[in-house]
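One chain, chain A, appears in both complexes that follow, with chain B as partner in the first and chain C in the second.
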Partner chain A sequence: MAERAGKPLMQWLRQPGVLAAVPVTLFLLGGFVGPLILVWWYSLMPPRTFSLAQTPTLDNFISSAAGSYYISFGWSLYLSAVTVVILILICYPVAYGMAKLFGKWANLITLLVVLQLLVSENIRLFGWVLFLLKNGIMDGSALYLFGLSVPSILYTVPAIVLGLVYVYLPFMLFPMVLGLSMVPETLKEAAFDLGATRMAVFREIELPLSSPGLMIGGLLTFVLALGSLAESKILGGQRVIMIADDIESAFTFAQNWPRGAALSVLVMVISGGLVLLLLLRLDLDRIMGRR
Partner chain B sequence: MKTNKTRRNFLQQTSAWAAGAAAAGTMGLPNFAHAGREKELNIYCWEGYNSDDVLDPFRREFKANVKAEGLTSDPDAVNRLRAGETKVWDLINLNNPWARELMWPEGLIKELPRDRFEPMFEKMMPAFHPPYEWAMDKTGKHLLGMTQRFGPFSFVVNTDKISRKMAEDQGFKLFLDPKMKGRYGVLTYDNWNIYHMCIAADVHPFKKHNKAEMDAYTKVAKQVFNGAKLLTDDLVAMNLALINGEIDAYFTGGTYTASPARFDGAKQVRGITPNSGPMDGKGGIVWIELTSVVNHPQISPLAEEFLAYVQRGDVSKKVAFAEGTYNPVTQMGAKDVLALFNKEELDAIQWDSLEQEMANSADYDINPDYAEMYEIYSAAKREREG
Partner chain C sequence: MSSNTDRPILELKNIVKKFGDFTAVDDFNLDIVEGELFTIVGPSGSGKTTIIRMLAGMDKPTDGDILLRGERINDVPANHRPTCMVFQSLALFPHRTVGENVEFSLKIRGVDKVARRKRAEELLEQLHLPLSYYDKGVNQCSGGERQRVALARALAFDPEILFFDEPLSALDFRLRKTLEKELKDIHRMTGKTFVYITHSLEEAMVMSDRIGIMRRGRLVQVGSPDEIYNQPNDKFVAQFMGEVNVLEVDKAGEGRVRVANSGIELAAHDMGADFEKGFLVVRPEVVRIGDNAAEMTNKLSGRLFNEYSLGSRIQYQIRMAEGATWVVERLRDERYSGQLDDEVTIGWQPEDAILVAE
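For the complex of A and B:
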């Protein structure tokens, strides 16, 4: 029996495709899955220890739940949600224009949006600091030109939102452009021919058919914003502490790796849960046009 | 079929290459393992020692291959040595307490030959003359490292807004004054913040604390965070906010953080050491770096050479004014070294008040309640109001 069961497995293993995939699989196991397992395992080690060979405990999760980490989680989730909503409102019209109206000019917009990605995020955010700073570019120019001082939003929550929206805009824009460009013109024409209003076409055809792009963009930006750190540090003056900040502190100044690992696991569970929830509602094959 | 043949050829070729590489490896490896490290040196240090201005002349003179990595936290660095990186580094440069209190007792560093290195302490500023406590082990027999950069580290004000005298007289209480709410930042060097919050609460940071002291510390930690306009761990951003008038002072800072702004001409940015405080009457803290030879199983002979090299006058000057931040060096005790610094440079590192600031400062040390105080600190930061 064992021999018979072993044969198909061996045959399967000998397939060229499987063999060719072995190096990449090993690489992913060692380089991607391995560290994640380490983080999960570390989260079960006793607090403030560095060895992995100890009796697992849930202490880190219990103390994290008992502490005030809910504040950081709350802010991170809230600011991520606000960022996604603002990005949808900003990006939808731009994406619509790029997909349907701008023609060759769409490439220029793509280039402009992509170009900024070549500059480090911290430098771009520091540019905003110089712009928003008291006596900085905005305040100083207003004072010079109009004689009035502009109240600064630097080191406030709106400044953090500004940073998040600015940094994650491309991650919302491009999936949206892709989603909108897959809405067939013929469907819209048919709807107009049948007497649909502009609003009805938008509600019944464009929005539902472009929603995969919108959802992927929303998911990407939400998860990225959830793990963000620099915007709150540089533009927000840490007006609020994001959960990524707490994780960083646990691994560095606090020297409490298991606590940091436990907080990381909680973030992974939240973002992983969201991805799963979305994938249940989304058919990737259909989006890619395979079916 | 053609594909298969090509693939087989490819596999044959790769296995031949692999066999060749393995053979070369087995032949080459013993040579490599036995090769001495005469021309190789690995340094793990705070920024400055990894500057090419400091390293390049050494590389040329000793025809050495020197690698240096900057560190960002003393305890992190100690943990890396504990985790086995004693096989990587030849020299480690940390703040004063770690060699004597931890690295030497745990066998992570080697002692230095006293006959060669102790005379170099004679040329340093008087406070560092031998036997210098932090450079020796607790028995006073073993020399554990060399000192160079140091600096008072308490807080920084804009003297156009808050006078130096008032700041020195009030000390850290300045930040508890309701009038200062929203007018200062906290430079989040977390461990230093904790020490300074202790001082603001009239608590000695480097002793075991009772409940009343912990309560006083907790109250101050919350008050300092709640009154702060901004928190950042970026000294450039903090100096910028100070110069542009966003804030008038920042909690945690000193020569190390103020000197780049002062050297750029912003003389109103000034590190302040309180006149008095709870550490046997002292209210400020001074850090002193100590560079030690790591207990590497195959230590490079260049490690000691580098320690002697950075003590030279011209190199000391380069270390003092390396990239990023500018700091006094103990070698400025020698007249010929001091003469290498011009007026602007001396002004940047607040040479005029250095002696007074040192007299009003206690030496940086290890806080026995750090872990517990850190929990309180991070909760106060998270729960910040306003």
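For the complex of A and C:
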């Protein structure tokens, strides 16, 4: 017994679960944690250098804060927030239908939503360009069929939002469907039976019980939109510079890796902070009735 | 037992409910008297849940009328009916505390917080739940406690009629027995009309003022527990009571029947003038065994195959030569003194057996 107790680590390592987790752990360490540490470390290197073997400094953060990056940060946060709000409004009814009403037709919707993911995001966005272009599919069809020209929204902020909503819709829709399908019908019937109106059933029962799905969808789409690049480039035509744009140009055009790294760290801190804040405020266990 | 008034509080007239081609409830007629505890009993699939869902307003009848105090309520939705239901799953709100669950209907009505809490605490007390449970999560409560919370929530609504959809079916035997009696006590205290459904006639017997027995979407018998027990309408009702001995018989003469496929003749009581064939129902507890059977009018003999102790009673299984199995129950102090595999005589008096139709 004494010998076994002396080697708790070896014993722990020999569990089948731990053994089975080794490959994926190594992969994540090399492919996810490693690059992250590199980025963090680079953000502390002196500006415009490429070596990792220098004295750490906070120069990149100080110059980033002093510069005009707050504008692109602002746009990114604003557009992400608008995207999340629009997605909630669009997806809730669809998710409700898929979870409760459509029956087997829900599978068709799932298929349609998933199918578009098979096509590269950039190609899909260029498809939207063709659609929205002056004399493009929408404008041209309207002109041909009804003889009226439609003002193009291409290269405007609404076009960027359209792109963001379009691209990230699945990430809101599916968590929501899951959240809504976890609300038992009998709870709604019971609330109804106790005198609640349809609105009260929604407010008191359905919304709080489906909120885990809503929150997860919201977090996913917000974080994804915060890091988005293609929508503002392709559909916005650089009208608005989002933070991912700035990061990209710092790494490529400006050849200032430490600055790009510092901006990346700031994005991570902001999105990580938001996730933490929401998860702390939201007691998932309580909502799901696990305690 | 129940306070009778002239007009029934609830009338079901020729109710039909179809789901596609399937007829769940067929030409169902029933009056429920104000203040009574009425139980609808039936095996699963008999349509009893469909009935109670229509009464509570969660389903609409395909045909027929539901009248509440004489007014047709077919199209009144559940949230506008002065009735409330305790669900089989209880349907407690998992994201709310015990207190919030109990107060739900009061909150919907806009009752202020202080009055709400006062009423909730009264109900917790009435249902033997500690006041500290007010702030407890419903999922921290045990099965029996959850049961009481569900009942408190329904009572807080102050309904004119309470419906129960087999709420006790998931509980263990002893707790169920306790809660059956508690429910009957609550019924007495509140004086409200209770309509209860269950698949257990035994449960119905304990609680009910009147019982309706359902089979394949229809009512086959309505009566007090005593009436159902002493005079079942047919073989189905008789067998629904639990273990009974049922013999297929036809008329052999005045006051005599012949057991099918055996030629044995037995004396029968209360045989209608037009009786041709039917079933003789003999309850296990009216059958004597061994020496006690000697002076009985009807006697059979068989081999004692096994005995089971049921607590206050002993149950015997007796196998007859022609293959039939009889169930006999005696009190402990009347127990059979011999051995297993003994050749034993069993007997009963004709007036203790019941002749029923198919």
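Rule of thumb we're sticking to: the second predicted complex is superposed on the first by the 269 of 291 C-alpha atoms of A that agree within 3 Å, B and C clash if a C-alpha of one lies under 4 Å from a C-alpha of the other, contacts with A are read in each partner's own complex, and residues count from 1 in each chain.
In this section, a contact is a pair of C-beta atoms (placed from the backbone, for glycine too) under 8 Å apart; a residue touches a chain by one contact, two chains touch by 3 or more.
Just so you know, these numbers come straight off a predicted model, no measurement behind them.
Chain A is touched at more residues by one of its partners, and among chain B and chain C that partner is B. Shared-chain residue A:205: touches chain C; no touch with chain B.
Within the superposed three-chain model, A:234 lies in touch with chain B and out of touch with chain C [touch as defined at top].
With both structures placed on the common chain, the touch criterion links A:136 to chain B but leaves chain C unconnected. Shared-chain residue A:126: touches chain B; no touch with chain C. Contacts of A:191 after superposition: chain C is touched, whereas chain B is not reached. Contacts of A:174 after superposition on the shared chain: neither chain B nor chain C is touched.
Applying the stated contact rule after C-alpha superposition, one finds that A:68 touches chain B and leaves chain C untouched.
Of the two partner chains placed around the shared chain by superposition, neither chain B nor chain C is touched by A:42. The contact surfaces that chain B and chain C form on chain A in the two complexes do not overlap at any residue. Of all the residues in chain B, the ones that touch chain A in their complex are 7, 72-73, 75-76, 79, 82-83, 185, 188, 190-191, 229-234, 237, 240-241, 244-246, 371, 374-375, 378-379, 381-384. Interface residues of chain A facing chain C in the complex, by the touch rule stated above, are 184, 186-187, 189-197, 200, 204-205, 208-209, 286-291. The residues of chain A lying in touch with chain B in their complex are 16, 48, 50, 67-69, 71-72, 126, 129, 133-136, 152, 154-155, 233-234, 237-241, 246, 249, 252-256. In the complex of the two chains, the chain C residues touching chain A come out as 56-58, 77-79, 83-85, 87, 89, 91, 93-95, 104-105, 108-109, 137-140, 153-154, 157.
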